[in-house]
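One chain, chain A, links the two complexes that follow: it is found with chain B in the first and with chain C in the second.
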Partner chain A sequence: MSLIPRQIETFWTLFTAPVVWAVHFLVCYVGAAIYCAKQHELGFGFGVVRIGIGAATFAALAIILLAAWLSWRQWGFGAYAPPHDEPTRLDRNLLQGFSTLLLSGLSFVAVIYVAMPALFVTECLR
Partner chain B sequence: MPILRARARPTGAAEKGGALTLASRRARNNGSQSGRRLCVAFLTVTSVPALGQASALDPAGAEASSIATLFWAMVVGGALLWLFVVSLMLYGIRRRRRVHDEWTAGRLIFWAGAVFPVVTLFLLLGYALWLMPQLRPWAPAQAAATLRIEVEGRQFWWRAVYHRPGDQPVVTANEIRLPVGERVEFTLTSSDVIHSFWIPPLGGKMDMIPGRTNRLSILATKPGTFRGPCAEFCGASHALMAFSAISMEPEAFRSWLAAEAGPARPQPSDGARLFVENGCGACHTIRGTAASGEVGPDLTHVGSRLMIGAGTLPNTEEAIARFIAEPDVVKPGSTMPPFRMLPETEIRAMAAYLKALQ
Partner chain C sequence: MIVGNDFSLRERRAQEKRLRAVWANPSGWRYWTSVNNFQVGLWYASAAFAFMLFAGLLALIMRAQLAVPENDLISAGFYNQAFTLHGTVMMFLFAVPIFEAVAIFLLPPMLGARELPFPRLGAFGFWSFFLGGVFVCGSILFDSAPTSGWFMYPPLATKEPGYGADIWLLGLSFIEVASIAAAVEIIVGIMKCRAPGMRINLMPLFAWYLLVVAGMILFAFPPLIAGDILFEMERMFDWPFFDASRGGDPILWQHLFWIFGHPEVYIIFLPAIALMAMIVPTFAQRPIVGYPWIVLAAVGTGFISFGLWVHHMFATGLPQISLAFFSAASEAVAIPTGVQIFVFIATMLAGRVIFSVPMLFGIGGIAVFVIGGLTGVMVALAPFDWQAHDSYFIVAHLHYVLIGGMLFPIVAGIYYYYPLIDSKRLSNRLGKIAFWLMFAGFNVAFFPMHLTGLRGMPRRVFTYPAGIGWDWLNLVSTIGAYVFAASVLVVVYDVLRPKHRQPGGEINPWNAGTLEWISEPEENWGVRSIPIVESRYPLWDQKDLVRRINEGDFYLPDAEEGKREGLVTSVLDARPLQVLRVGGTSYVTIVSAASLGMVFVALTFHWWWTALVFGVAAFASILYWLWTGTSEIPEKPQKDVGLGLTLPIYASGPNSVGWWAMFITMVGDGTAFASLVFGYFFYWTIHGDFTGGLAGPGAFWPLLSLAFFAAAWGATVAARALNQGNRTDLARASLAAGCILTIAGSLAAFLGPWSHTMEPTAHVYAAIVWILVIWLLCHAAVGAVMQLYCLARSFAGRMTAEYDGDIRNVELYWHFLVLTAVVTLLVIGLFPKVL
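And then the complex of A and B:
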């Protein structure tokens, strides 16, 4: 029994990384906005929010890395060269794996950019 | 109208405003001629520097210089990128070109098309984000101990209230003075539409939004006179809504503020009587007199300001008389009604009275 999921053939795995990016974005921005609107009712400082954003970022990056590894496997670990445009089951699978890998790269960078303000902003500014 | 005819020949100190007046008159007399309109626009623009310099690239404040540095970093970075892209293009269209293999092309796309932009954007974003807390640096505890200037945008002027720590607030209008080397906190509001507060050589731009209080922190580093325009279109006279910002040495600033806090010391005159009789006090306040209106700008020390009409005309008796007679022409859309039905002698007496309110 392996911890790594078995390879499955579905269109939906393509969206894993962008969905993680979207959720991470909402968690960071909505979370910070709610904290700053209600900071007097909450018993903790902005440092906790920054740590929370850091934790959400590491979790998001880890999930994206896992999705990237799975798509890399689906792509055959780079054994086949693009463009994968033959009307065969193999090429369809490879194309999806390669696309998912590229989307994972984009999402990885985007998640880092989303989290960057938390490195510099140390309090609620209005 | 005799007042206007007198103004049509610009002389002496009134020269800049004179040009403006002349141009506006021409505009009314020959409204259909587009050449005249151009002339009006040109003269209006050339009359602006009387308010002070207005370039964000010649900073006199801590925030403005970090913004100027950011601007130059972006310009240089953008120029380098442009050169890089153009040279790639020249390489691509050169006369004796050979085809690269797919592996090399793929590597070029990976490094130049993915890695390079990611790193560049990371650096630029990091730089801009690193500036952000510096542009708005204050803590609530520290704010209580410093000077706070509340500025309220109104169509088409600025109400300014100086809140000194542990002292009475000082109300004035259309001119902001601040001490060099001391951080000043601005609280910005609006009572009608969205305006935007901006002193380009001193700091960043901040909107004034009805129902909301925005804050801005400014540290002036050099003494000088600067022009602050309204930076958000707010109506017919938006372009005529400006103020002069004057950064002064701290001692000079404190003595100015102390003088500004005091009531007006008008000489008993016809002008003083007429100002009240004609109902001006219903809208304007002159502290120390019966005039206590809140609708229009405070005029307690109006004679000492650089400009009148929120940066529209130079502060001369001539210009004040003109503003009283025809604010609807000087500032279209302003709430002040014209008083051109008053006898010219009365208007002149009131103008002399207001100019003497130093």
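And then the complex of A and C:
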């Protein structure tokens, strides 16, 4: 049994990486907002929040990399050049693969953007 | 090579006659009962445009007032009404609906379909929008328009005297229903009704954009509906959701409003840029460069735009880490936005550009939008925003974004697509005059506002003192605004002027490559026969396509049974799956929309009995609509659609478009519910003890209710399975049992807060628990009606083991309902205990 999922043909894989971005964004924002609202009832410091954001970011980037690899595979590992506009199942698959790969790239960068505040902000300053 | 149908000329003429009869519009005043996408799209666009002119007039009045300092042309009160309605109407009655209009008008021919899958829903959406819009706009004539700004911030708006705020809340909630109806129609249409062969890699880019936008509507509009509910409960019954003295918080409204409000900017922008994605290739005379990059841009923008809402709230005192997340996402969204602009530039560089009027408006719009985008990157930085917040700098920024990103492309679209309406082009000369007036007028009006803002002039002031450096800047803005208005008048004149001397018959005058250009304005059938698509630009690449379509060489060239028919195809590869029969001309859409509209009007003025009467009327007309117009058992199981292909006429479950419509609607519904749950936890975060020391609903009643709802869900699922297995009596018994269990579950849910005398006006905790319970009860009531409806359909012989679309959709509804019950009842019953 391989750990890498086999190729599936569905519309929804297109959204994998952006969904990971959205979940990561919500985890960071909601986590930090709850911490800052309830910090006096919680027995740990803001450093834990930053480490948590770091861990979430690491996980999100890892999943996006996996999604990117899968889409690279769907794109035939780059063996075919765009525009993928032939009326064939192959070209439809290649377009899906390439678009998903592009979205993975965007999501990867956007996750890093969103995580960066945790590098600089060190307390619940209002 | 695709083999054709080979009909004789006589057969073809007979087919055309039948098709024409089936798709014909009624004449006389019954014309307004039409549900055809062509008419509805045109009405929709005209109404939206008329609302835009109205809102523009309000802007001109405001600019006249601001032309000189200490002016007394209009009163402060009227000025407040004017800016509130201007923003509200432009956003809710023009910017969003115009895209729905264009989508309804263009999508079917562009996808090679005859119609969208739910034409009556489309017409219902239009009438809801139109009636709601007239109601909201009409309020200013009675000096009772809302006055608190288009975002209605409490406590100013919750305390606003008169009916203005209620008109805003209820009128717009009604219009949001129309938007969600359009989203359902558009998503199912694009996913399931494309012409055979139009695989997703061949789909027009317009459809990609619209798919993303319709998806965004599902997640953006429901939070506002949830917010409207809370807001109206506070205004109508004094439930303290936004009243800080009783545990509420005005910031919650800002969250809910902007979770809607920011994605809305992109909901407006993406369809306009989608028009550009159709126009640029035509005038560059080559396919778009970087099709997958546009997919990236559309989907990427769609997602990231949901991570920006707090940048409207930078000045509310949220923790800096929160601000920073949203600031970062606001910078990130510039990446996909920029990508599509580079794609257009690359396409123009790679092709030979014809500088026609649509291209002028398109390029001018992009230039304006880029300036707005750059000031957007500036205000996305919290420290800069703190300086510019609520100043005219923001007014300048948002108008650069919206007018450049939306109005210019829309005018480009009008000039480009006008020949689809009556086979004639608009005037080139007038178009160029309009463009230069608009481009110059716009910049003269809005560029100085950056400076007025940086010099400290706040938004929403009806006048200002002389001699503080704002005078001449305001005067220049006013002059620009009137030049801009003149350009709009030129466009209006060009559209409305009589054109009978102009030669007609211009089908595809720009030599475009996409399918919408086969549409003949004098025929109502959309496409004569549904083609097989093999290219992104079929009119450029598929030889003889137009002739063959018009000779009935492809699918469904006839209407033997006298029904309006289209094809359902698979999501990825557009393989033909089913013949879809869609609803025709009907009064039921207008009656339903009008009675539902009257419910909202009556609620605004607290006419409870009138609201009840019209509520019953709306309920009855919708039931009649469903009973007579949906899930009809066909006279034969399948039919020959031409080219030797035979397809089923009926489908149920995930194979049917109705099931998808239910799924999509419930996703939107689930988002509204999630917003209310968000409210519950929001109150938990802002208080040490969020119950305010009050008793909760306890655990007993909620858990008992949960058991009943779970059983009711089980009974519904069982009824579907039994019905499918031809055990009709058991299925009926199971439905009846399910209905009783639903009522029992609802009673138990009600008794939780009721038996603990939770007083919703006393504290926000009681209010939010009640609102969650009421939400559940309303959905349970619908669930019970659905169970009874299936029971009745089964007895009437309209639902059988083979034709079970009704119960499958009801089962799907119940999956969502049981999820709602689980979340509601566990949250209100157990969360207070675990603290």
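Assume the second predicted complex is superposed on the first by the 126 of 126 C-alpha atoms of A that agree within 3 Å, B and C clash if a C-alpha of one lies under 4 Å from a C-alpha of the other, contacts with A are read in each partner's own complex, and residues count from 1 in each chain.
We adopt the following convention: a residue touches a chain if its C-beta (ideal position, glycine included) is under 8 Å from a C-beta of that chain, and two chains touch if they have at least 3 such contacts.
Since this is a predicted model, take the numbers as computed values, not measurements.
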First (chain B), second (chain C), both or neither: which does A:Ala60 touch?
neither
Regarding the shared-chain residue A:Tyr113, is it in contact with chain B (first), chain C (second), both, or neither?
both
Considering only touches as defined above, state whether A:Leu70 meets chain B (first), chain C (second), both or neither.
neither
Quick check for you: in the superposed arrangement, does A:Phe98 touch first (chain B), second (chain C), both or neither?
second
Tell me which partner A:Val121 touches in the superposition: chain B (first), chain C (second), both or neither.
both
Greater residue coverage of chain A in the superposed arrangement, chain B or chain C:
C
Could you say whether A:Val20 touches chain B, chain C, both of them, or neither, answering first, second, both or neither?
neither
Does any part of chain A touch chain B in one structure and chain C in the other, and if so which residues?
109, 113, 116-117, 120-121, 125-126
Interface residues, chain A side, partner chain B - complex:
81, 105, 109, 112-113, 116-117, 119-123, 125-126
Which residues of chain C touch chain A in their complex?
191, 197, 199-202, 287, 290-293, 295-296, 299-300, 302-304, 306-307, 317-322, 324-329, 331-332, 335-336, 533-536, 571-573, 685-686, 688
Footprint of chain A on chain B - complex, ascending:
102, 114, 118, 121-122, 125-126, 129-130, 132-133, 136, 139, 214-215
As the complex stands, chain A meets chain C at residues 9-11, 14-15, 18-19, 21-22, 25, 28-29, 32-34, 36-38, 41, 49, 82-85, 87, 89, 91-92, 94-96, 98-99, 102-103, 106-107, 109-110, 113-114, 116-118, 120-121, 124-126
